[in-house]
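The structures considered in this document are given below.
Next come two complexes built around chain A: one with chain B, the other with chain C.
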Partner chain A sequence: MLNISLQKTWKEFRLDVAFEIPRGKVTALFGPSGAGKSSILRIISGLEMADRGMISHGKEVWFDDTKGISLPPQQRSIGFVFQDFALFPHLTVERNVAFGIKEKRRLNELKDLMSLIGLSGYERYYPAQLSGGQKQRVALIRALARKPDLLLLDEPLSALDWETRRQLQEDLKRITQQFQVTTLYVTHDITEVYKLADYVVVLESGRIVKQGTPEEVFLGKKLSTRIQIVGKVVSIESDSIIAAVTVLHDDQYFKTLIDTEEVDRLNLKVGDDVVIGAKSSDVILFKVLTQS
Partner chain B sequence: MNFAAPLLLSLKLSLITMISLFIVGIPAAYWLVFSKARWRFLVESVVALPLVLPPTVLGFYLLMIVGGNSFIGRWYEVAFNKTLAFSFEGLVLGSLIYSLPFAVQPFQTAFAGVDRKLLEASWSLGRSHLYTFFSVILPLSRQGIITGCVLSFAHTLGEFGVVLMIGGNIPGITKVASVAIYDEVQLLNYGSANMYSAILLSFSFIILAVVYFINRRFIRTI
Partner chain C sequence: MKYDLQSSNFRAANMPNSTSPESGLKRFGDKRISDLLVESRQANVNRQRVQEFIIEKLLFAGGMAAILFIALIFIFLFKEGAKALFLIKPIEFIGTHILDFDNNRVFACMWQPVGESGKYSIVPLLIGSFLVALPATVISTILGGGCGIYLAEIASAKVREIVKPAIELLAGIPTVVIGFLCLTLLATYVQNAFHTTFRLNAFVGAIGVSLVIIPVIASITDDALRAVPNELREASYGLGATRWETIWKVVVPAGISGVTASIILGMGRALGETMIVVMATGNAALVTGNIFSSVRTMTATIAAELGAVPQGGPQYCALFLVGAILFFITFVLNLVAEMIINRMRKKLRL
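Entry: the complex of A and B
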């Protein structure tokens, strides 16, 4: 468990937050740009210092202004994944991944790490020879290679195109689960929160406005539906009684009918993020027949 | 008189100055880029002074500092049993200061040009500032470092005023090629002066051409 409480004032912005990051889970830090998400991440990592507050990881105190404690980033067991990858351009993929590994014997694990992210065979490539998605995979595994207690991800997918982003979401989910690493994930994309996070902390202008599971936070209640699809509204066709709402989820479209009144009540617009839920008791399931 | 001696002396002086500036200039440039000291601009101005000062002014003050009447000059005389002024060592010291900005400024520009995110990535991966410097900053500053070294070499090769003020004109010890040219002209030996000049000119041109060739960012760096 990571306990965080911090305050910092810039010229025209004040950050004042307190929250916990549960061990082994993915916590999303969600909010619009300029809300202070990245600053929180930088302060937790030790790259920036808070004016006041305390950051502790279990019994280990990383920052405490009252006691004058502030560990440098090197002494905090963290892995930081930057939005623009921050790979060392003069080092090969392999040497990038090994950069934080100090024990020689652990270099044997490199091979496994490379195959874990599907980059076997790319060991001797330089970052400039990789695609955006591959770069971010390297950055992710580089951060995890030193087995950090806390993984910090600063909008890791926002520099990538839509398709790559979708693939990397899957990879991230698989890898964070495999490593069981406590993760703090900064994002402004609600689908990512749903897909990856166990908990979400919602930030607005430097303050926490809500926190809980994604369902609690975004729907105000635990949803009892069995089927949930998170996506973006791409079209609303409505007449006076009923509206057909088309939602894009991954690369699939889902069309659902709701009352026009409901559309007005929710002030639903094209581009909104929504959850389609269904309480279905007799779902039909087909096995897809593949030719062997 | 040995025709090649002044040329060889010039090369020796330039080489030693270049190596010394590499050793002194890199930590200095690092400090100038990463220090948060408020008076940093003062140090920066001092480093840049040789760019604007007449070499004679610099040479004059250096002579005051290292001359037999100064503390440093007397200390050196006691310690090494010879004077610092009018010696090769004195020349090295003068060249070091005179060419300082030609090494430090390209180093500085190169260090400052390294994406800060890369440094943060290195620190967050548990690596110290020193490790980060040698593994990230230095390799990524290669072009700027080569530029700084070559420029300080070429600049030392061409210096005249400081050398004459602090070193005088002692054959084999302080009489470098640029001084030899002046000498030859005074003696109306235009032929020898022409030879020295032509050699220095071609040498300097070749050095600069090589730098421009390997480093297209040269203009932005200086």
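Entry: the complex of A and C
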């Protein structure tokens, strides 16, 4: 369990948050850009300092302004994955991954790590020779190689194209589950929250507005929907009254009709992430007749 | 196509489908406003194209002029230098047979370009130049490189603000002043410290020259390291590396192409430096490996002798040959630097 309470004031921006990150789970820090998500991540990692507050990991205090404690980043057991990968360009893939491993005997694990991200055979490549998705996979395994207590991911997929992103979401899920590592995931993509996070903290202009499981936070407890489909809007065809919205979820398209007014109110655009919720009262079931 | 110039309404004259003016479109004189806009935009585009053409050609001419000047210098130097090969036997540029004190014929490398049988061995001059330039490069790589790393990675903004201009000021000191200080002060200190036979020697010159190239190396190293993205440093800290590990394992290797460039550039300057070596190295053309011995560099030889020799004579041409060789060495040095940097850039795609 990681306890965090932070206050920091920039010129015209004030960050004031307090939340907990459950052990072994993926917590998403969700919000629009400029909400202070990345700053929180940087403060937790020690790359930046908060004005006031406390960060403790179990019994270990990483930061406490009242006691004057502030561990430098290298003494906090973290793994940081950046948006732009930040692989060391002068080191091979293998040596990038090995960078954080301090114990010599653990170097023989490298082979397993490489195969875990599906990059066996790429050990001697330089980062410049890899694709974006491969780079981010290397960055992820590099962060995990030193077995951190806390994995920090700063919008790790936003520099990638849509197709690669979907693929990497699966890999992220698989790998974080395998490592059972406490993870804090910064994103502004609601699909990623649904796919990856066990717990979500919603941030708006430096303050927490909601937290809970993704379902609790985004759908509200009162809404008794039974079917929820998260997807990306791929087309909106509207006339003056009604709009047909097509949503892509994995490989399937869902088309739904809503008021044109509603489209305007939500300021819905192609590329937005949406949740289609359906109540169970009007559902008609057909049984598919099989020939046997 | 036929243009109806009378009405100057191209659309009406040329397009059968639009002979009748569409209703509802605003008109200005006998032209539609939209057509007027298109025409004026077209005129703008044409003007821009002409401007761009002129600017492009001017820049091209500038670039070509630089190449032309270099080529002309090259041609002139080598033309004059090549004459030396006809006036003096080529082997004499390496050495000549002389009689030693016991009257034995020995092969000696000497630069003694006076009298009936002048000796024009370039070997001592080459040795002299490198005996000054190499130690100077080593000294300034250590000091200048260290200074660049300090400025880029360790110094606070305040310290940087003071130190960086101060270092650049060092580059602005006239070399004759540095030479003078070497001659009067430094030479004495060096002699007292190392008990050298020669008061003025290659080492004194090397220290003097390094004062000129330390700022070059420091400044370029600083720029190169500051160009390394901050994320790499943060990634390194985030992976448990200390500040020193981050500097040595991440920042310096990532900025190595710039650092290498600065060192080679510095060495080029060291080879070409004239005033300091004229004043501080003793100017004795000796074949020696001893850094505390007096030496005569190529640049010092040209500077000291060219003004006093008859034009077109063997010594005059020999000096041009020395100049051509010096030019060639620095040219190759720069070329190699460029190649190294390109290869690194390609590998790292920085």
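Everything that follows uses one rule, which is that the second predicted complex is superposed on the first by the 239 of 292 C-alpha atoms of A that agree within 3 Å, B and C clash if a C-alpha of one lies under 4 Å from a C-alpha of the other, contacts with A are read in each partner's own complex, and residues count from 1 in each chain.
Throughout what follows, contacts are C-beta pairs under 8 Å (C-beta built on N, C-alpha and C of every residue); 3 or more make two chains touch, one makes a residue touch a chain.
Just so it is clear, the structure is predicted and the values come from calculations on it, not from any experiment.
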item	value
Superposition on chain A - do chain B and chain C clash or fit	clash
Contacts of A:179 with chain B and chain C, given as first, second, both or neither	neither
Which of chain B and chain C A:254 touches, first, second, both or neither	neither
Which superposed partner A:128 touches (first chain B, second chain C, both, neither)	second
Chain B/chain C common contact set on chain A	45-47, 72-74, 78-80, 82, 84, 86-90, 99-100, 102, 142-143, 146, 152
Complex interface listing, chain A residues touching chain B	45-47, 72-74, 78-80, 82, 84, 86-90, 99-100, 102, 142-143, 146, 152
Touch list for chain A against partner chain C, complex	45-47, 72-74, 78-80, 82, 84, 86-91, 99-100, 102, 126, 128, 139, 142-143, 146, 152
Chain A partner contacts - residues on chain B that touch it in the complex	115, 117-118, 120-128, 135-136, 139-140
Complex contact set, residues of chain C against chain A	229, 231-232, 234-242, 249-250, 253-254, 256, 347-350
